[in-house]
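Note that the chains are named A, B, C, D, E and F in the order they appear, and that numbering of residues resets to 1 at the start of each chain.
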Amino acid sequence: MKKRWLRSLKPFLAFTGGIFYLAAASPAYAQESSINAGDTAWVLASAALVLLMTPAVGFFYAGMVRKKNALSTITMCFIVAALVSIQWVLFGYSLSFGPDKGGIIGGLGWAGLAGVGQAPNADYAATIPHLAFVIFQAMFAIITVALLVGTVVERIKFSAFLIFATLWTTLVYDVIAHWVWATGGWLRALGALDFAGGTVVHVSSGMSALALAMVLGKRKGFGRNTMEPHNIPLVVLGAGLLWFGWFGFNAGSALASNGLAANAFVVTNTAAAASTLIWMLLSWSHGKPGTLGVATGAVAGLVAITPAAGFVGPVAAIAIGAGAGLICYYAVLFRSGRNIDESLDVWGVHGMGGIWGAIATGFFASKFINSAGANGLLFGAPRQLLIQIVAVLVVSTYSFAVTWILAKIVDAVVGLRVKEQEEEVGLDISQHGERAYAVR
Amino acid sequence: MKKRWLRSLKPFLAFTGGIFYLAAASPAYAQESSINAGDTAWVLASAALVLLMTPAVGFFYAGMVRKKNALSTITMCFIVAALVSIQWVLFGYSLSFGPDKGGIIGGLGWAGLAGVGQAPNADYAATIPHLAFVIFQAMFAIITVALLVGTVVERIKFSAFLIFATLWTTLVYDVIAHWVWATGGWLRALGALDFAGGTVVHVSSGMSALALAMVLGKRKGFGRNTMEPHNIPLVVLGAGLLWFGWFGFNAGSALASNGLAANAFVVTNTAAAASTLIWMLLSWSHGKPGTLGVATGAVAGLVAITPAAGFVGPVAAIAIGAGAGLICYYAVLFRSGRNIDESLDVWGVHGMGGIWGAIATGFFASKFINSAGANGLLFGAPRQLLIQIVAVLVVSTYSFAVTWILAKIVDAVVGLRVKEQEEEVGLDISQHGERAYAVR
Amino acid sequence: MKKRWLRSLKPFLAFTGGIFYLAAASPAYAQESSINAGDTAWVLASAALVLLMTPAVGFFYAGMVRKKNALSTITMCFIVAALVSIQWVLFGYSLSFGPDKGGIIGGLGWAGLAGVGQAPNADYAATIPHLAFVIFQAMFAIITVALLVGTVVERIKFSAFLIFATLWTTLVYDVIAHWVWATGGWLRALGALDFAGGTVVHVSSGMSALALAMVLGKRKGFGRNTMEPHNIPLVVLGAGLLWFGWFGFNAGSALASNGLAANAFVVTNTAAAASTLIWMLLSWSHGKPGTLGVATGAVAGLVAITPAAGFVGPVAAIAIGAGAGLICYYAVLFRSGRNIDESLDVWGVHGMGGIWGAIATGFFASKFINSAGANGLLFGAPRQLLIQIVAVLVVSTYSFAVTWILAKIVDAVVGLRVKEQEEEVGLDISQHGERAYAVR
Amino acid sequence: MKKIEAFIRPERLGDVGRALEEKGFVSMTVTDVEGRGRQKGITLEWRASEYQVDLLPKIKLEIIADDKEWEKIVEIIREAAKTGEVGDGKIVVYPVEEIIRVRTGEKGLGAL
Amino acid sequence: MKKIEAFIRPERLGDVGRALEEKGFVSMTVTDVEGRGRQKGITLEWRASEYQVDLLPKIKLEIIADDKEWEKIVEIIREAAKTGEVGDGKIVVYPVEEIIRVRTGEKGLGAL
Amino acid sequence: MKKIEAFIRPERLGDVGRALEEKGFVSMTVTDVEGRGRQKGITLEWRASEYQVDLLPKIKLEIIADDKEWEKIVEIIREAAKTGEVGDGKIVVYPVEEIIRVRTGEKGLGAL
């Protein structure tokens, strides 16, 4: 009916196959000589684990919103997986990891994964197929965008979200990923340590969430109507799958199946545990030890250990986890006292947890754990701490500022929010034409 | 009380241990020389991932039925995992992959997994234990049968389903698996390409679903009463776990942890993403972009890339995924306009998606990607396309016809459907004596 | 307000990081020469799978309780993961696997994982990092404690549970793990076979559950009020994830990615399947084949094959699984006829299933399957059966007795149960200040 | 004016709703309730054993009706809800003092 | 004929149901509702903070009763539902004009 | 004494509850129901197609009120529940014969 522009896409879609095919005509030939099957197995398994984290975030968030917005929340996360996967293959991977342009961004040489094949790329991972690296990294881009859903729930227009997400992935995520992780990226060249995405994933999404929430504005009835989480077992399902998937996230970031991967695995689990216990104790001291708190504590610990996982040992992990519990707890408490509807505390948990983790890496990092890493303050290298702080400041500022601008633009052009009545009825009905649960 | 025949089984069961033991007395001795630990790790992890797809299908389907049939739907999937696992060990694996009899079926030489042990079988996979191949393949048999549940929900008698499932696994699945995948199988000899089960799994189950729905008949009130999906988050849980598990399904089908596995992994993710986006756009152009649609689109893309995953690159994957979204969307729309209660569109998604994927393999397959594969039409080999079409026709006809006959026989002998009143009350109460959700 | 003692922890917590750090100052240096990447990949993947089993047990149990206690049940499992993870790093691993003290317990030499690093420990697993072994074993300790939740649901005080769980892990689990699995452990020296934890995990938790239920007493209204399971799909989610995770549990226990791991994988799946079918038939013969029964049957089969998985072949697995279905079915039936509120049948399923599995190992074990194992009665070694029986008796007695004493002590000191009114309102509100599901 | 309250079987709701609509009585309110009465409870499965539940799922239908039409409505419901087996339920009629339409403030018949 | 409507605590439902049954009053209909009144709401946890909910879960019991028996029923409910703390709820009695059994068409007392 | 029963839009519950509380009428009972009336049903998505649902979620509010106050309460509800679009719902008033407080046994006005 009204959506004629969508209809007009159809012939274009039919055409697409033909065009794209050309680019694929000469995929890289397999030269498997240097591939290690064990390393490849672990990285592929890890990529699968990280993919699972995106629906997991969907459940984690959906359980915390009201029933009438449950599907909207899940669907935004799910569609991010699709959207970013395609963006990544078409140009996202190339922008992030492609041939460096002045330390700032990758070129388009690897667009459509041209020249990216089954043989390893020794710059990134010498013992696994280049395609394994590509897909492992794809999952990181996806989950980072999915994290932003937590800040826009219950009021964003679905179409506006899709547009914003595409822009954000390209202009914020891909850029920061290049700076921190790509050969030639300027923060990497500076010596910033980020084992599995403390800055790239968590600081970037956390600070962006704050900017986005400020542009988007509060939910109708925020602070006045009760907004009870509608399904806490669903939240725990999400948290459980996140904990599970995070082993791929962190230990997979060793890009090999070795002692370092095992170390990252152990410290990931340990930090999550420490943070969970601290959150439990803190919330107990203020009231009762709730399930939501415990689940949030676990995520905070996982966030904080992310940049450090390949540079610190298990005892430092306890400290990092405990610090995450403490800092994120008070960050969430602080935010809930303000009048900012950063709805599901992406800033409080991922932003502040990521900042703490990145800085803590500058304290606790040790070449005993990873000879390819660096020593932190506690091992006599205060400079590393400084570098970490610079990286945090740069990533925070860039992501907050660009997000603010993008959000303002999208708001001006298509409008970020649904109509008031649509918000009242709920986004499930108004944006997706569905109800999460039938009455009978 | 009334089920005395079941009681009379008990002494027999007690006896079973003794009998079976004999067959196990000389299991194959471990000769691990040629086993590659990395390949084995990936195939075992993949087998676990594919196992998870069966409860995942259960959740995917259960969320779409009415509350009163939720358990029935899940339980049929769950029990299929048990039933087919035992069938596979006793004789299914032997029928499918055992010593070939004239290209048509495997012999019973490997019944009870006699002679099948820890050493590799070089015919199927030279670097992993034979038992790893056995169990990886077992998971495929299970999931294929579980897919059929989508067509019989809300009205089939549980006992009839068990009988039908056992017959179908043996006479349809095992036979087609032999034709396409076994050493000596006639479709394999013909040169048909099916990397991970486009024909064996999806075309066979999709076409069978159609036949089965036609014999079984419509649900009471079909087209008249509202049949609202009772729990869409559960559907997304299923879809999320399916996407996750499909990496094992497709990338595990490399039977090694190498560049080809990485390629299969990447194209699987890419096709799923493309199909999801296309489905979203199409449903948006007709109404709203629903969660069910998006989840179904993902599954359609995963289905279509299945036969192609080891033969095409990422850009072809976008084309295959987009085609799947388009074709399956209209197939489902077409079916819902007919008066056929193929309830959860196994034909529309798996049947048509599988056909498209198998044929698309004949277009896009390239020896650049897999030197052990073949070139498709676009690489100058129109013959491959023809072979693919033959394979599709053979598998479609065989599975439709045999399913029809089996369904008629089971209906005549024990009756396929529950009584009208049992259907009204719901299968959870009438078949399983349970309610999915308590009131308080 | 009232919880001042908790507040006073805060300065202590701030101090913690500093203290702990010292211990980490000299982590073991990586010597990766003997590490096999494939083996490591499989053990890490398995550790992730086993971690997932703990939330899975949470869902499995939570679905079976009343709505008002759903969060309490899940949260106890979740917090166990955190608690035991920290205990394990601090001293649990050292007590269990550290330098043997007279066959009875490990010393504190490895407390804080001092000296435990990325290089393999040949005593336990020569081809994977020592830390990989540590974390794989950590997951076993966690899940064992989480199993106990099934016996205390709907009435235990959260604080009392935390104290009890900490004591139990240390004084029951760590001790038995040392006896059966540690170099120098006295039951291991005796020749007891327990591949993946039949006695250490299942007999210990099952017998402890019985003692704990007896001390704790019955739920208010037990046997009088209906206690309908509130969400059976959640139970199946738990069971599905358990089946999935159990592949890591059993096949991961090969501590390598080889033929033995593949064998363990196959028999695990086969026994689960056989037990599921037997439970279905038995419950059908008494009434209807319910979903809860089928899911419980699967778990019973998985429990029983656990000790045997690395010593028996697929046909013996059918016998062991079928036996488990039979024995656990009647054990659960027997218990529900008594006046003991061992609420979710940890004794019936894990205790009796574990005992049957441990003894069946003494029957069916064969050096054909595992040359490093032993022969059982059927291969002419009745002595092994005797040893298995001794191990079962020792573990049963020790865990029952110590649990009884611990429970009595905790009850005397802090009180095990919530107040009557708290129990009536439900533990979600009274212990955690939350409701699992909002009304709208 | 009267209020009609019908306690019926959940599986009859579709037919009752359609029957009413066909005769022009669209308006109604539906609640999921549980009931017990002459119909005996059901036996449910619990792993290896069974237990009894005495409260069965029922549907409560509420219709505010004109004094002249309530008897017709009762008859339509009765016919469509009937299976002839114990547990078909009851229809109860109450007096109504006033009815107001929120949107317009109309009262009495005009509010229906 | 009368309709008795009781708003009670969910945790008393079991006892109230049993008490009624023991005295021979099996028939009833049960609805899950939420209520507020003199009892103050509850404080719930949200991650690091807390919030108030003023609607509390309650059970609504509906029983259609003979004119001669309603007072007895009210008394049974009151005793079994009582805890003595604020929030125990109310029992309300309404007039009934007619009652019909769906299955048989019986009216009035015969329909009970 | 009267019983006020209001069928309103779920999204107005918050405002209605607050409005009543502000005017001193705290006590009420809330039920989730579904209704149909003049407002037409909604179209929902099913994968590639659509279907109609005619029962829409509504909230039923029940308030037992003093004879002197029920009109004020009706007015408060009406104002707070009103959006002006079809589907705002009805408020119905019934006679009450007796009310008893479970906790104390008080009857009539004293029980409110």
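Quick note on the criterion: contacts are C-beta pairs under 8 Å (C-beta built on N, C-alpha and C of every residue); 3 or more make two chains touch, one makes a residue touch a chain.
Source: prediction; values computed, not measured.
S.K.: Please give the intersection of the contact partners of chain A with those of chain D.
M.R.: Chains that touch both chain A and chain D, as defined above, are B, C, E, F.
S.K.: Quick check: more C-beta contact pairs at C-F or at B-D?
M.R.: Output for the comparison: B-D.
S.K.: Take the average of all CA coordinates in chain D, do the same for chain F, and state the distance between these two points in whole angstrom.
M.R.: 18
S.K.: Roughly how far is chain A from chain B, centre to centre by C-alpha average, rounded to an integer in Å?
M.R.: Centres of chain A and chain B (C-alpha means) sit 33 Å apart.
S.K.: Using the average of all C-alpha atoms in each chain as its centre, how far is it in Å between chain B and chain F?
M.R.: It comes to 50 Å between the two C-alpha centres.
S.K.: Name the residues of chain D that each touch 2 or more other chains.
M.R.: 31-32, 34, 43-45, 50, 54-55, 94-95
S.K.: What parts of chain B, by residue number, touch at least two of the other chains?
M.R.: 36-39, 41-42, 45, 226, 228-229, 231, 237, 257, 287-288, 290, 292, 432-435, 439-440
S.K.: If every chain is a node and every touching pair an edge, decide which shape results: line, ring, star, complete or other.
M.R.: Contact pattern: complete, every chain touching every other.
S.K.: In the complex of these two chains, what residues of chain F are touching chain C?
M.R.: Residue list for chain F touching chain C: 10, 32.
S.K.: If we count contacts the way the header does, which residues on chain A are in touch with chain B in the complex?
M.R.: 3, 6-7, 9-10, 13-14, 16-18, 20-21, 23-24, 26-27, 29-30, 32, 35-42, 44-45, 47-48, 51-52, 54-56, 58-59, 62, 70-71, 74-75, 78-79, 81-83, 85-86, 89, 112-113, 117-119, 128-132, 134-135, 138, 158, 231, 234, 237, 257, 431-438, 440
S.K.: Quick check: in the complex, which residue numbers of chain C touch chain E?
M.R.: It is residues 221, 224-226, 424-425, 429, 432-435, 439 of chain C that touch chain E.
S.K.: With touch defined as at the start, can you tell me which chain E residues reach chain F in the complex?
M.R.: Chain E reaches chain F through residues 2, 6-8, 31-38, 54-55, 58, 60, 74, 77-78, 81-95.
S.K.: Spell out the residues on chain C that touch chain B in their complex, using ranges where they run on.
M.R.: Checking each residue of chain C against chain B gives 36-39, 41-42, 45, 49, 66-68, 228-233, 236-237, 239-241, 243-244, 247-248, 251, 256-263, 265-266, 269-270, 272-274, 276-278, 280-281, 284-285, 287-292, 294-295, 298, 312-316, 318-319, 322-323, 326, 364, 366, 368-369, 371, 378.
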